[in-house]
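Letters are used for the chains, namely A, B, C and D, taken in the order the chains are written, and counting of residues starts over at 1 for each.
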Amino acid sequence: MLELRGISRYFGGLAALKDVSIKVEKGEFVGLIGPNGSGKTTLFNIISGVLKPSSGRVLYMGRDITGLNPNKICHLGIARTFQIPRPFKNLSVIENVMLGVLFGNFEQFVPYSEENVKQEALKYLNFVGLRVDESTMPDELTAVGLRRLELARALATRPALLLADEVLSGLNKEELAEASSILKRIRDEMGITIIWVEHIIGALMNLVERVIVLDYGEVIADGSPTEVSKDERVIEAYLGEES
Amino acid sequence: MFEQIINAAINGILLGGVLALLAFGLNLIFGVVKIIHMAYGQFVMLGFYLIYVLTVQLHVPLIISSLIAICAMAVLGILTQLLVIEPLLDAPRLNQLLALAGLIIVFENLAMVIWGADYRGIPLYLPILHIGNFYIRFSCLIAFLGALMTLGLLYLFLHKTYIGLAIRATAQDVEIAKVMGVNSRLIYFVTLAAGGALTGIVAAFFTPIYTVHPHFGSSFTIMAFIIVVLGGMGNLLGGFISAFIIGIVTSVSAVLTTAEVADIIALLIFILVMLVRPQGILGVRGT
Amino acid sequence: MKSPWVKKLFLLLILVLLVIFPAASPSPYLVHIMTLIFIWAYISTAWAYMGRFGLVSLGHGAFLGIGAYVTALLFNYFNLSPWIGMLIGASSAAFLAAVLGYACFRFGVIGDYFALVTLAVGELVALSIIALRDTTGGSLGFTIRNLGNAPLYFQFSNKVYFYYLSFLFLVFALYLWVRIDKSKMQKALRAIGEDEIAASSVGINIIKYKMTITIISAFLTGIGGVLYAQYITYLNPHTLSGVEVSLAIPFKAILGGMFDMWGPTIGTAMIVSLEEYIRVSYGTKFIGISEVAYGIALIVLIIFLPKGLYGTLKEMKIFKNERRRQYGCNKRKEVILRGR
Amino acid sequence: MLRVEKINVSYGEFQVLHEVSIEVKSGETAIVVGPNGAGKTTLLRVISGLLKPTSGAIYFDGHRIDDKEPHEIVELGIALVPEGGRLFPYLTVYDNLKIGSFAKRARGGFRRTLEEIFELFPILKERRNQLAGSLSGGERQMLAIARSLMSQPKLIMLDEPSLGLAPRVVSRVFEFIGKIRSQGYSILMVEQNARKALELADHAYLLESGKLEFHGGREDFLRNPYIKKAYLGI
């Protein structure tokens, strides 16, 4: 479904990503981990079109999407959430999600009527378990609420592939389990392929089927959670010092 | 024709020195207070009028009236900070921009009310040097050397004193400068005072060269903007270099075409740089 | 404004009053002032189309000048009726806006950078008009050929026609504002104004919407230039283009409050009245004193009422409801947090 | 030495800290642990005067400081090592250290303190003329700590000193903090890396969603079953 071919990205001479090649199949639930500054978010920014790679290509459903604008990529069916939630603060929570419905993936276009769009938006808000009313503004939500809003807005664009960026950061233990179960349900019930970046590795390892590890902008491991946690280089770079 | 161009280029370099001084002040204010001082050129205009009033109407010697003007402009800078900039420090950038643009209207029309729309100049005739086929105005030469000296002193101030260091630190990260014990409010006042004083100095150097009228300032604001943007906003070294580039480009193109076309060319450069590389074309950074 | 019904009746009343105003007015001078208010209110409303979405242009003088000059030059030199010339003039303004907008949006020039670029463009157009002095008359300006009463050539011996005409234009601009508010575009532009990256990641085509609103705004402003030039039958680069006009337009809108559809109109009414009042009471003794007062008023207003006069008043009026709403929600927020 | 009494802090409508009280005794090290977004950084910002509490009081050495400006608080002897170091990247290492001694009480002793610092961190002496932005992550954190020492503080506040550093470097940074601690400075440290930080602590606080959930000596902390599970992973 998604294929990265030799992606590199430099910031003023510093390499954030070096020759990264990854393949993700339809229906997979992939975790992407790595220490701080290893290039995870940069990779997401490149896939979603916010950044252009210095070299390499991004292929999606066999089509070259390198360097397309983010809105174009969203229309093709790739949605993302942001590491630091970026709600539109002057729009209500429902309006935030309605934007996704209105401007998202065109293939399943809903005829424009305020009511239709609102119902559609509420559907996604319900799915992620965020119950709000008409007038709730994003700044009234807490950390968990904002994460849910991010997910609902991304889902509202009706993606085939979801890039989830640190959905768990800022949450406490109870909230962790719940938020990660939502991700699982998105994959299982909606059939959306997910790539999940996370720095809370414990929660991720329990859920995903495959883990890719980045370190200093390079892929150092790719395999099932059990394989990866046994990998020498991963332990060296990451897990080893933790325990 | 070729000689004319060379001569224009030389004049451009001489002019560039003063422009560098002007741009330095704008740049310093932008770098430290993070504010685009829209009414900066109008300070020069007011300084010019002040010198005019003191020398021509009150018969104060030029040097002394220049010094008075420099101090007065520093005070005006402080007042601007106190009355306009400080209340808007946490406001959206555009509100700051528009309030300072409001100052343009106030200053220009105030000058109009007091001095009317006539051109005023100081009757001071300095010799023109002939070197071979080239003509260099002595007043330009003085302005150039004076500007370079001022810039040198500014460099020493910024690099050798505690307060200079605090200014440079504040430019990079106000919040951390504060927790280092820097009183940022004081630093802002010092910066605006220094920026104001610089416009006074520029006015003093320009008195023998130009005549003044109420709308005299805006062309200097625009010129200073162009230089600052070309060199990269907040980049003092870049501003210094691009002052000479702009000085040469405008005076050479003024000789080849007309003064308006020269201004149009400068504006086009400005727009292009803003579009393509708002961080400036000179990729160096130094404070 | 208790109910839509009362509000509609109130609007209708004002409409009727404005329509019969010229007949009832004690002096043509008042009609003249009202006409000026309509024209500038129309222009600053057109400006606020962009401004309220964070696209603050300080170069609308460019569009005003191009609209006016192209139309007037076509009339003076080729005898083309300003009714047709106006479309060409406004299209030229829109074309410049399209080129400028595309360049800015392509390279991601936003916020105060956008303001500075447009400021430069406004000045550029003014300088070009001066530089082309052989055709445009340069700084001295030029006068539109007088045909007496020639409605087909946008000239009326009775200035009352201009009153009604500019009134219609203003009503049209306000109507368009409402239409935009009900469209999908308004939602997109609000999102873009807040966070471009997030907006594009939910599929909003940033360049398309920003271009659309910029072109609409420039086209209407271009027509505004024609309206003003035809009314006073004289063009000058300093009154139609350049920094001063370019700043005066947004100032009017901001003074009233650019986020509300009535803001620009109210701001314009205030400034034009203030200018006229000072001019009449002090005459020509202190040329410029009214501008000084206006400049100071502006700075004070930006500092103390950043949402503009009308915007702030309106906010205060609904403030109580607003609070209650938020309070109610805070309670519910607890439910959202703890309930699950 | 430092006493924070029941402070409430809000960003606009959103309350970040609720009735938080902490205390650091002279010569002691206190740590505040808690997840991301719990309000730890906010706490340090309030103490250093960058943010004003809506209610409550802060006392330092008998002075009430919650209404003082940041530069006045520095003069009283509180130094902050901000999150991620926050050096002045375009100043040299030397200038970064010099600005550290900007407080009037520290200026006189600038030379002497500098010598001490160079002894403690020889690498900084080597790099004194390099731009701070060109240092490696670990060196930057060292410089940030050294810069705070330049003001000859009585209390040093560290904001997540381990953030963004490789595990090996983290150990080195904590070693240095231990060294500073042994020289008798009072320390208030905010950390996510609870296990490492607790090794240095005399007293610890747990902050969750802006509320102080637990506090006690190191031993009490290590014994608490909830903390053991949630933050120490035991």
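In the analysis below, contacts are C-beta pairs under 8 Å (C-beta built on N, C-alpha and C of every residue); 3 or more make two chains touch, one makes a residue touch a chain.
These figures come from a predicted structure and were not determined experimentally.
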Intersection of contact partners for chain C and chain D: A, B
Pair joined by more contacting C-beta pairs (A-C or A-D): A-C
Chain whose average C-alpha position is farthest from chain D's own: C
Chain A and chain C, separation of their C-alpha mean positions in angstrom: 42
Gap in Å, rounded to a whole number, between the CA centres of chain C and chain B: 32
Mean-CA-position distance for chain B and chain A (Å): 49
Sequence positions of chain B contacting 2 or more other chains: none
Where chain D touches two or more other chains at once, by residue number: 13
Numbers and ranges of chain C residues touching at least 2 other chains: 326
Overall pattern in which the protein chains touch one another (line/ring/star/complete/other): ring
Pairwise chain contacts under the document criterion: A-C, A-D, B-C, B-D
Chain B - residues contacting chain D, complex: 162, 165-166, 168-169, 172-173, 175-184, 285-287
List of chain D residues in touch with chain A within their complex: 12-14, 35-37, 163-168, 170, 208-209, 230
Chain B-facing residues of chain C, complex: 56, 58, 103-104, 107, 109, 111-113, 115-117, 120-121, 123-124, 127-128, 130-131, 243-244, 247, 250-251, 254, 286-289, 291-292, 294-296, 298-299, 302-303, 306
Parts of chain D lying in touch with chain B, wherever the complex brings them together: 48-50, 69-71, 74-75, 79-80, 82, 86, 88-91, 95, 98-100, 102-104, 106-107, 147, 151
Residues of chain A that touch chain C when the two form their complex: 48-50, 69-71, 74-75, 79-80, 82, 86-91, 95, 98-100, 102-106, 112, 129-133, 135-137, 140-142, 144-145, 153-154, 156-157, 178
